[in-house]
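Notes for the one structure printed next.
Note that the chains are named A, B, C, D and E in the order they appear, and that numbering of residues resets to 1 at the start of each chain.
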Amino acid sequence: MTTHYLVLSALLFAIGAVGVLVRRNAIVIFMCVELMLNACNLAFVTFARQHGNLDGQLIAFFVMVVAAAEVVVGLAIIVTIFRTRRSSSVDDANLLKY
Amino acid sequence: MNAIRVLAAPEPALPNVQSFGHDPLWITIIKAVAIFVFLLLSVMYGVWMERKLISRMQHRYGPNRAGKFGLLQSIADALKMGFKEDLYPNKVDRFLYAIAPVILVVPAFMAFSVIPFGPTVSMFGEQTPLQLTDLPIAVLFVLAMASIGVYGIVLAGWSSRSPYAVLGGLRSSAQVVSYEIAMGLSFVGVFLFAGTLSTSEIVAKQASGGTWEVLGLSIPMPSWYVVMLIPSFLIYAITMLGETNRVPFDLPEGEGELVGGYQTEYSSSLKFALIQMGEYVNVFVVSAVSITLFFGGWRAPWPISLWEGANVGYWPLLWFFIKLVLVFGGFIWVRASMPRIRYDQLMAFGWKVLIPLNLAWIMLVATVRAFRIEGADRTALFTIAALVVVGCLVLFFRFDTVLQRRRETRAEELKQEFELLEEQPAAGGYPVPPLDLPHYHGADRKEISSGIH
Amino acid sequence: MELYVPILVLAVLAAGFAIFSLTIAPFTGPKRWNRAKLDAYECGIEPTPQPVGGGRFPLKYMITAMLFIVFDIEIIFLYPWAVAFDALGVFGLIEMLLFIVTVLVAYAYVWRRKGLDWD
Amino acid sequence: MNGIQPPTIEYGQLSPLLLVFGAAIIGVLIEALAPRYLRKSLQMPVTLLGLVGSFALVLTVVMQGVPTKAAAEGAIAVDGPALFIWGVILILALISVLLINDDNEFVASAAAVPGTPEEEDAIAAGGAHTEIYPLALFAIGGMMLFASANDLLIMFVALEVMSLPLYLLCGLARRRRLLSQEASVKYFLLGAFSSAFFLYGMALVYGFAGTVSLAGINDALGSVGGQNTLLLIGTGMLGVGLLFKIGAAPFQAWKPDVYQGAPTPITALMASGTLVAAFGAVLRVFWVALGNLDWDWRPVMWGVAILTMVAGAVLAITQTDIKRMLAYSSIAHAGFLLTGVIATGAEAQNALSLKGILFYLVAYGITTVGAFAVVTMVRDAGGEAGHLSRWAGLGKRSPALAGVFAFFLLAFAGIPLTSGFFGKYAVFAAAVAGGAVPLVIVGVVSSAVAAFFYVRVIVLMFFSEPAPDGPTIAVPSVGTAGVVAIAAAATVVLGIYPEPVLRLAEDAASTLFIR
Amino acid sequence: MPWLPILIAAPVLGAVGVAALPKGSDKAAKQLALAVSLVVLALTLAMAFQFPLESGKRFAFEQTYSWIPSFGVNFGVGVDGIALVMIALSAVLVPIVILASWHDADGTGAENPPKRSVKTYFSLLLVLEAMMIGVFAATDVFLFYVFFEAMLIPMYFMIGSYGGAQRSYAAVKFLLYSLFGGLLMLVAVIALYVTAGKNTFMFPELVGAVTDPGVQKWLFLGFFIAFAIKAPLWPFHTWLPDAAAQAPAGAAVLLVGVLDKVGTYGMLRLCLELFPDAAKSFTPLVIILSVIGIVYGAIVAIGQTDMKRLIAYTSISHFGFIAMGVFAMTSNAQAGATLYMVNHGFSTGALFLIAGFLIYRRGSARIDDYGGVQKIAPVLAGTFLVSGLSGLALPGLSSFVSEFMVLIGTYQRDEVLFVTSAIIGTTGVILAAIYILWMYKRVANGPTAESVSGMKDLNGREKLVIAPLLVLIIGLGFYPKPVLDVINPAVQHTLTSVGVKEQPPVAGVGQANEKGAGN
């Protein structure tokens, strides 16, 4: 039973990861990261059920908090650069190179 | 602990979370359809009631043509909307534009599935509670549904591709989420007392208030949480209005500012009807939640509750319905009597008043409640209580005085600036003609075309 | 899981009704093409062209969204605490007090930096 | 009472952490309540007091005897290495904060768009954001927690507490705002990406072990059969998250960008503190939790270490910006440190490796802060003169400063009689004892390559003629001068008589990590 | 009396003192530096006279202080005969170099190099002296390594800041080559410590500690490559001509005269004694490299157009001899090699200094820019000739003795390889005659070149610089016994450690033996 959830979570994680790598808009990348975090949450809750302990659910709580903090910080940063550059594409952000 | 037990002792046979999930499917379907139909009818007659009541309050008749007392007015309206042109304005994102009303309305319906209407009854031979289902996190579920509703608002505004709609959508969603926080916080007091998030159990906990042993006397405590948690309820009542975009918080429909808000482009037709329906269902949801959490749910009020049979069988449906009508009546009453407030006032009220007040209240309730725990360190508790109270006061005065001072300084600055400008008009850095320069009308000069027009 | 089946039933009913209304609307209503009718409504003036992708939101709403997230998370912590309050006792009270005070510190900061003001 | 026992929390042991976080919260309060002109004069003492007090508390904990049991219900391990790392982080933080005190490095108003009147107004109004102090304190607290987390969940939380303020701080440079903001965005996006990996790895390990406590995972390695795939993938993903933080190849790409873009004092804090903390965490995860899995992770770690050393050393050669060069050097150093992480074995061997790593971290950290402090002082019209060509002839212009910087560079290169040499020696000696001789050979070869670009800077500074419009040397503030002096002194002392610190590291390492 | 710590500390203190002088006191800096170096020389001589010739102990003047017990590192110093003569060599050369470099940093040379910090130059020189003494005195392998590496830095700055046009390239090349070798050695040092398992780096303890032949070979290679780079042995030599040519003359003297000897000294002391088996199995390889070095260095030297490069290449050739002597593992050869290290220091030192004087006057190092110096500046040309002849090992001059001993010693091994090597090595002597005499001819003989017509002869200071060197060259050429007396016991110790049984002397070389070694 739990396998389905794990597969779903892996899928979500993979979608998020691919999104981060493929997409060029900072906000979209950022959303993909959030997707990955939520995929983790799903995995945690699933494993918690599988193991019959509450640790996983507890962790999910913490992850939510962290994700929220990340959202706040991330949006702040992205908005700042967006205001500066009038674009949130990371391709435009190219002052830094190897 | 015993005190808690007494307080929490449910009547036997009252439904709790364990009572759910055993219904055969057909019972479930019956209950679901019943709720659905009930809501449809409620919306229809809710609209009618609102129009009628508000007219009466404003010395008008209100709808009185279609059917007796205008009772069929809503049906007429619905039919009219059904036969109007289904518009898709030019630039809209068609899919989202169409789906937004659905997103708005479906969660509103779903939220009703955890509202308890009555105790366990025998329905076609099956013992089943008068409640579609209950969850260990039922109240959270209601909040979640309310949050999903916000997506409907945002998407409706955003997909319309119209400045008014976009701004209206943003404003309503900002408003809804802001008030959702205050709303969520106002529930905490209830949970502190009930010790559960399940709606049926919260209702059960309100069966009796227990007794408070003081000086050998057994004083019966009031059983509805509205009594003990009146600040929570008041805040909730305010957030109800804010959450459902009702007067005095109906900013999205502030015609003077935003025309119709996020629904501007939903000019008529069934999509508009769906949005309206969603809003009304939301009103019923928050009303039903208020009844469940603060007014004892389906339980009969005090004088009636003395009757043995008041809280068994299908009777509670009636009590619930009456309560619902009364709360909804409150909505209308407010609408009739309050002006709309400004958006900044609205947000400031939500963020700067409701939330801190709520938090302080929660801590106070928790501290007081902790006194009932055996073996608790009273000194620590008193300290905490004192801290909470003093902290609130200090914060309040600090902010109050600071604000006051800042206002005064600002006023002073402005005054000085004006004085300066009056003396030296060029002080602002821009070449300004002196104010007492004789006004030149140019009557005797020929106008020269600038070539622009 | 069984607890959620009824919700699903109700959701199906509601969604069915809503989608039914949507699908039936084009057939029941008339169709009269009118250019002005299909323009975005802007109190009679020419509609402002809206950029593809919906354009930009005022920053203010972002801040509201961020604050909402922060406080929503706080609520998430308050609920289990409230439910388990009797079991947690004074320890829980103190912990929650610390937590709320911490959040209030941030709240005071936001307040003072005019994060809660609208113009 | 039904059920829940209040957890026991060893406030005494955790007091250094609590003090730092408390100071950070007080900092936020100051931001909220104090008027603008007072803020800086309030923030600085609070920050310094917090750090110094925390250091004193660390000492007290040490005096009272290093705890043998994890604190806070096993969530935080205040053991020898943790206390040592706390001390190191606090010292590094303290001297970095002295650098941060320099207003000229930080933006006056982060929200103002560069080149707008608002920004000009903000600059004219003077001062910088004072939020940097509480932010830095939060980051420092996060670092300390990160290095002492005995439980993956705490580690994850600490990771974020450490990173999030740093993401913000990175975007606050006063000059080259776009660069700084880009650094911030890049750091944030990549950092969030990597922490998602860490989290998923954690989920998988939890799925395998049923617990996230490091000790529990270690126990489960023995008892749980099957599901090895979960464990291996989980370990890999945990590794990605951790290696990202230490900037090991192939997860090093953020480092040069971020180091270059961030305000230099923040770069100093990151380059020293974060690295120290991240190594603490890496050691805990791979030694405490996955110690019995070393046959599986060691080969991969070999590859990572080699790649990191080589990439850091080789890519640094092509750099033309001093901060980027230092970033690549930091990558190379992370590689050297990894050789110590790999060299596990019996308990004595572990203690040896740990000792080496701890000493290396001290030596490298202090020198790094010093080097970045020097970077802040070399300025031209546009702020810091980052481009290497601008450094030409600095030795003629300002022999003392250039000399100190050259000395730091020699320490990075690991020339004897500098702290860097003993650091490198300690780690390599442990690695050789642990049987990682090929790794050490790669290490020394890349040290030689790395020496090339350090020497190149020295050549530029001393053997080239100064450009006529070359950068000026800012008259250092007391803080900056102090930082340079402290770092130089530490580099010398640790290079000539490292015994006391080595002894400390040995004592700290001798107990190893408690489970 | 803790002679050696004092010897190491004195120049360091002197360097600090020089650096601490107030700005503008260039002259005082020079004088102070000279004074310090003379004090060091005096101390060294005092120590040398107390050196017990027949004590039978491995090291004299041993001092051991605990330095970093965590690593098992001691500040252990002590000298045997070999180290003593090397220290003496350094102590003698430094004052000479200081005197010779009197104006190197002033910016008054013919080339008009920019004025640079005089204080820094002389304090670097003194630091370098401390390091050189330290490296020879160290009886702790780790301490040896520390000095070995730290030595690079002052030399690096001397080349890079005070050298010729290509100085920064040369300095970097020098540093990187040495550093690379040093780092390999570091690995070997660590591995030595680990495999020996004695928890100490003290040299006497480590002798014979590593027995596994495989491990020995690897460790030997680690050390050997470092020393071969330092020495420099073919094919690790490419940095030397650049570094020596670009370094200021004084620095070049110390670089080639002393610094590079650390390589051969290290081979003799560390490679051989610590890893005798490995040393034996690598002997053929090293001998072949040495022979190649001898011939290659000499041939390439012939083709040089730059005086300092030419001298540098001759040194490569000479280092081939020294390495050959070390690895021939006979008492004659090793004693000869050790003696050669000293003699080479003096003769090459003299050559570099005189070349430096020429360059200082003419402003060019190109041989073609000179001609007929003999007529203009006879003393200069004369000293040039003498030191050149010492370089080509003319009998009666010091190098001859050592070169002869090395060749004989190698020949004594009586194996095809060694005999062949000795014979080929002998051609090096002939080639040496070509490059030295040809250079001399081009510089000093022939018609006077226009550009050298105003050349001044040696002044008093310069004569003072050259005189002691010439005295030593000639003196040691005729009477090397005191030095050999000091060296021989140490060589015997080494050979015992290596476990070589002396082969019976081949008939016909007894005379040379008698003249040379006196044993």
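Just a few scattered comments:
One rule holds in what follows: contacts are C-beta pairs under 8 Å (C-beta built on N, C-alpha and C of every residue); 3 or more make two chains touch, one makes a residue touch a chain.
Bear in mind the structure is a predicted one, so any value in this text is a computation, not a measurement.
If chain D is removed from consideration, the chains that remain connect by touching into the groups A, B, C | E. Any chain bridging chain C and chain E, meaning touching each of them, is among D; the list is complete. Comparing per-chain C-alpha centres with the mean over every protein C-alpha atom, the closest match is chain D. Of all chains, the one whose mean C-alpha position sits at the greatest distance from that of chain C is E. Put simply, the chain farthest from chain B by mean CA position is E.
With each centre defined as the average position of its C-alpha atoms, the distance from chain C to chain D rounds to 39 Å.
If each chain is reduced to the centroid of its CA atoms, chain B and chain D end up 49 Å from each other.
Centre to centre, using the average C-alpha position, chain D and chain E are separated by 44 Å.
If you average the CA atoms of chain B and of chain C, the two centres end up 13 Å from each other.
Along chain A, residues 69, 76, 83 each make contact with two or more other chains.
Contacts with at least two other chains are made by residues 1 of chain B. Within chain D, contacts with two or more other chains are made by residues 1-2, 33. On the side of chain C, the complex with chain B involves touching residues 2-7, 9-11, 13-15, 17-19, 21-22, 24-26, 28-32, 37-43, 47-48, 50, 54-55, 57-58, 60-61, 64-65, 67-68, 71-72, 75, 78-79, 82-86, 89-90, 93-94, 96-97, 100-101, 104, 107-108, 111, 116-119.
By the touch criterion given at the top, residues 110-111, 113-114, 153, 156-157, 160, 164, 167-168, 171, 177-179, 181-186, 188-189, 192-193, 196-197, 199-200, 202-204, 206-207, 210-212, 256-257, 260-261, 315, 318 of chain D touch chain A in their complex. By the touch rule above, chain E contacts chain D in their complex via residues 67-71, 117, 120, 145-147, 149-150, 152-153, 156-157, 160-161, 167-168, 171-172, 175-176, 179-180, 183-184, 186-187, 190-191, 193-194. Every residue of chain D that touches chain C in the complex is listed here, in rising order: 1-4, 6, 25, 28-29, 31-33. Within the complex formed with chain A, the residues of chain C that make contact are 59, 62, 65-66, 69-70, 72-73, 76-77.
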